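The first chain written gets the first letter, and so on, giving A, B, C and D; residue counts start at 1 in each chain.
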Amino acid sequence: MDLSLDAATVEFQAEVRSWLAAHVRPLSSMDTASGFEEHREWERQLASSRLSVVSWPSEFGGREASLLQWLVFEEEYHAAGAPGRVSQNGIFLLAPTLFAHGTDEQRSRILPAMARADEVWAQAWSEPEAGSDLASLRSTAVRCDGGWLLRGQKTWSSRAAFADRAFGLFRTGPGERHRGLTYLLFDLRAEGVSVRPIAQLDGEPGFAEIFLDDVFVPDHDVVGAVGDGWRVAMSTAGNERGLTLRSPGRFLAAAGRLVELYRKNPDPALRDRVVDAWIGAQAYRLHTFGALSSPLSGPAASVTKVFWSELDVALHETALDLLGEAAPGWRDGWLFSLAGPIYAGTNEIQRNVIAERILGLPR
Amino acid sequence: MDLSLDAATVEFQAEVRSWLAAHVRPLSSMDTASGFEEHREWERQLASSRLSVVSWPSEFGGREASLLQWLVFEEEYHAAGAPGRVSQNGIFLLAPTLFAHGTDEQRSRILPAMARADEVWAQAWSEPEAGSDLASLRSTAVRCDGGWLLRGQKTWSSRAAFADRAFGLFRTGPGERHRGLTYLLFDLRAEGVSVRPIAQLDGEPGFAEIFLDDVFVPDHDVVGAVGDGWRVAMSTAGNERGLTLRSPGRFLAAAGRLVELYRKNPDPALRDRVVDAWIGAQAYRLHTFGALSSPLSGPAASVTKVFWSELDVALHETALDLLGEAAPGWRDGWLFSLAGPIYAGTNEIQRNVIAERILGLPR
Amino acid sequence: MNFTLSEEQTDLAGVLHGFFAAGRRDLASVVDEVTDPVDLVVVFEEVGHHAVAGPLIETLAVVPALTSGVGEGSWSVAFPPLVPHAVEADHYLLVEGDTLREASPTTELSSVDPTRRLFELTAGPVIATEVPTHAFDLGVLMCAAQLLGLGRAMLEMTTAHALARTQFGKPIGQFQAVKHHLANVLIGLELARPLVHGAAVTMTTRDISAAKVATSDAAWNTARIALQLHGAIGYTAEHELSRFLLQTRALRTAWGSPSLHRARVLEAL
Amino acid sequence: MNFTLSEEQTDLAGVLHGFFAAGRRDLASVVDEVTDPVDLVVVFEEVGHHAVAGPLIETLAVVPALTSGVGEGSWSVAFPPLVPHAVEADHYLLVEGDTLREASPTTELSSVDPTRRLFELTAGPVIATEVPTHAFDLGVLMCAAQLLGLGRAMLEMTTAHALARTQFGKPIGQFQAVKHHLANVLIGLELARPLVHGAAVTMTTRDISAAKVATSDAAWNTARIALQLHGAIGYTAEHELSRFLLQTRALRTAWGSPSLHRARVLEAL
């Protein structure tokens, strides 16, 4: 067992740290039109130093960093208080799918533009009648000359209010539930698309509804085989639940801020919750290091998803209990944490997965 | 709204308090043969001052105390640190059933002997294959001349190792699950009865298994109608879950001891758990006062059962966390508390009842 | 001993429920004369039940207990260090020790609930030098009652949602996890209510603080479960749950945090 | 960076598992030479996994780190005030500040786990006046490893029970409440393990205390759920769960309570 960093990683860490020290600045909320553009500009700055997608191949804008180096990047990024990633949905949800199931043409057309934030992607999984139950999707894609016509409604599409393109599953053939779905990419500014922003708890439109009325998608924007969309989407769904969506660095940084806050507002009755937040972040960090040598299975990603989402809520709740009603600097993170146990598969669904697929309890 | 005690209740409270101050003494564990007899003797002492069953009619040994007076009695009893009640199963489980469904002959034969602890009763509900699922009972009672012959096995029968008689449900006719069950009383020293004590976590035989091999029960020991046992048993099952099984006085006294313990071993990180134990006991007390004027329904008794059983565990866990491994004076209460969420219907079953019968969620 | 609401009190709750449900908010017109703490608890449970916003605790309960003959409009009052700032109102008061003063708002603070704007106060002329001690406790108790009503409302709307919303081909209320979440919520609220009513009868610091602790935890736990069971729709400002949730989070630490009130309970034991 | 057990360490765990499963308890014969903290953690996770009783932490890890050339037999050691008393053993030591002494048992104390008899010690002759500071931390870490093993064992036996036991016509493991209880248990244990392994690598007080906190909570939570899901049968001394449960409860506060270790973590941050 060895927790030390190799020389190349130490060097990379130093580069990232000094770059961030020189460049990090506060931005407006990415859920406003101007804030969104500020975040796009920040992504471009990262990309110009090849720091937007460090683990990707160089040809697409990355530097082929190891998973360990990616974790180190994330620790530095969050420790520096750097901005949220407006490109997150594309980088962490769509890109892994393209690496696994896309064509060479799709990868070279889509990934470099994603890395530079020239195209910002929104996810379009959920529909009004399908929350946790994605297999019950109803939106359709109907064959037409040279492509497909999308029709239906998507909702809870994060970033869609201001993003450029979106990815989602559509019904293309007969078949119950999981069958007959196809993974498609579409332009949010195409004819037939209406986007209606939904105000979140914080009042800003982090989500949107997307109404699709015969929206044309060319054949080259089908990912994987027609009718194989469920398998294509699920093969990388672990990414959303597990490692790549919420890196340990995020929680380590927040736990560190909580410890500082406690030192300024010490209330011994809340001490254990403060310490447990730090211990939880550290546990998640080490657990992730363990996963570097033996990658997590899909169900194992459910374990970490429940863990980090509950850790995040507990951590922010503790900050609010220390501060009271006036909680400058913590409210946005707290509101964001409340979504954790809900999205990317509710924690109730995740616990079913853990019980059935890891412990072997009957369905 | 009025929380004051009337003059008669104040007088009664004073009598109980001074009687207890004069008589309470430590006894050995009721789960040993000699301790059991010490507890029987204590019950007789209570009975001789008409304090063993204060709420019963005078003709059976009570003094027709109001429910409020019974609560006051219990508060005084626990505040004085008086012994556990070896007659508890009879007084709180069987007696309400006899009041509701017994014959005059049964009441006058059984209740006075119960009040004096001349007969100590054990419950015999559970069977090896039926824990929470009482309707799946298999033990049978077969018609014979002048009565019934019992055959089968009962388990987790509390107090049965040393008690005199027992009550339980037996299959007397065809019918699925709830149907064809009859409520019967039997002698634990009758021919055909074998009792095998089961050591509890504390090493003492608080439970026993009862093996029944053609045990004769005369007709006058059938409670209610033959085949109507499920209804008879369930109509007073709320008693076990709710008010009468665990009176608030017990938790108030334990919470008071916990506060004292905390003052001697102050650990600010555990303060909230100490205070919450007191608040919980007080909430349960006031909730019970509310139930005096609008009696609890069966499902409402599930609410209190989950509440007091979790309160009891939390309270004792806090004491152990304050004291560490060496926890004199708290270990027995702690072990007892651990059984609370399991017996009288597990808390999982109770939560189903609350959700379905109070909130109206579908089965 | 008679630990239930009177018929008049039950009727008052019903009248207020209809009043708020009809969209009316001019509460002073209905409950101007209410001063009995149990009656006030009935009023504020309904205020919470409809997530009515504004400095009602201060205007209807605390300020009338502090000083007689206050003028028209809404009032807010700070009791530093326990309640360090004021919520938005027409007029402001400040209690420092035994001194009651007029006050004016200065800096606005970032508030957990945007509908509850918070301000620091600067002290003005002295109004009185003897402040009735129960004024603060009355504020705490009304806050507890309001939390109870908020919790009840969120349990109701979440139960309705669990019956209506289907996933995997059945109402989500049929899943045992959902049942157990809601059963726990009901237990918490059900056992918090008698503490609120009991405190209104005794008006002791111990009982009032205990009620505030229990309702803060029960109502906030309800909000968390309500959000979890509503899923993404509960996370939107368009759904009414958001108003209830943010108000609950704010009132949980308003009028003294749960930790402060646990300290007061322990001190009184 | 390679945060996984080596093949040799995985093999050692397997050998010990077979050894204990065969009923053997003469552990010193197998692991006499083990001193590397990661190896020791592997050993003590298996000790916990089989609920092996006796002062093994002291005899195999702490006392060899305290002093060389101790004699045969089992050893126990107290570090007042952190570890105020000793568990039953053939020989006793006492560490007071920097002084290591022989000691003898006096009063027996009431123990949460009857198989873990506790004694107060009276000090005897001085053995050494410089005590290696990591000896105590090594005891804490082994206690954490043992708790992890106890938790794992209880999760295994409860999962098996949930598959075998039927109620209302189906295995209880099919009820969502049971699934969610066991999923939570698994999450707690799964995220506690890397803290134990990480602490064995760094051997810092911060990391060792964090591991003890997490394993104390995860293992005890496992014990509670295990008891709840076993029902009455788990409450009997005849069922093996009782040995695991009582040992877990004792080790939760042995070698310093969770509260003490949380204080140590905070101090080190």
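Here is the rule we go by: contacts are C-beta pairs under 8 Å (C-beta built on N, C-alpha and C of every residue); 3 or more make two chains touch, one makes a residue touch a chain.
Which chain is which protein? Per UniProt: A, B, C, D = Acyl-CoA dehydrogenase family protein.
Quick caveat, the model's predicted, so the values are computed rather than measured.
K.L.:
Of the pairs A-D and C-D, which shows more C-beta pairs in contact?
P.N.:
The comparison resolves to A-D.
K.L.:
So the centre of each chain is just the mean of its C-alpha atoms; given that, what is the distance between chain A and chain B in Å?
P.N.:
53
K.L.:
So the centre of each chain is just the mean of its C-alpha atoms; given that, what is the distance between chain A and chain D in Å?
P.N.:
Centre-to-centre distance between chain A and chain D: 38 Å.
K.L.:
With centres defined as the mean C-alpha position, give me the chain C-chain D separation in Å.
P.N.:
Taking the mean C-alpha position of each chain, the two centres sit 46 Å apart.
K.L.:
With chain centres taken as the means of their Cα atoms, state the distance from chain B to chain D in Å.
P.N.:
Distance between chain centres, rounded to whole Å: 37 Å.
K.L.:
Could you tell me which residues belong to chain A and also touch two or more other chains?
P.N.:
In chain A, the residues touching two or more other chains are 269, 271-272, 348, 351.
K.L.:
Residues of chain C that touch two or more other chains: which are they?
P.N.:
Within chain C, residues 175-178, 180, 258-259, 262-263 contact more than one other chain.
K.L.:
What is the shape of the graph in which nodes denote protein chains and edges denote touching chain pairs (line, ring, star, complete, other)?
P.N.:
Complete.
K.L.:
What does chain D use to touch chain A in their complex?
P.N.:
Per the stated touch rule, the residues are 1-6, 38, 159, 162-163, 170-171, 173-174, 176, 178-180, 182-184, 186-187, 190-195, 197-198, 200-202, 207, 210, 213-214, 258-259, 262-263, 265-266, 269.
K.L.:
Quick one: in the complex, what on chain B touches chain D?
P.N.:
126, 129-133, 136, 155-156, 198-203, 207, 267, 269-270, 313, 320-321, 323-329, 331, 334, 338-339, 341-343, 346-348, 351
K.L.:
Show me the residue ranges of chain D that touch chain C in the complex, using the header's touch definition.
P.N.:
175-177, 180
K.L.:
Okay, in this complex, where on chain C does chain A touch?
P.N.:
85, 109-114, 116, 118, 165-168, 175, 177-178, 224, 227-228, 231-232, 234-238, 242, 245-246, 249-250, 252-254, 257-259, 262-263
K.L.:
Under the touch definition given earlier, write down the residues of chain A that touch chain D in their complex.
P.N.:
1-6, 9, 68, 259, 271-272, 274-276, 278-280, 282-284, 286-287, 289-290, 292-294, 303, 306-307, 348, 350-352, 354-356, 358-363
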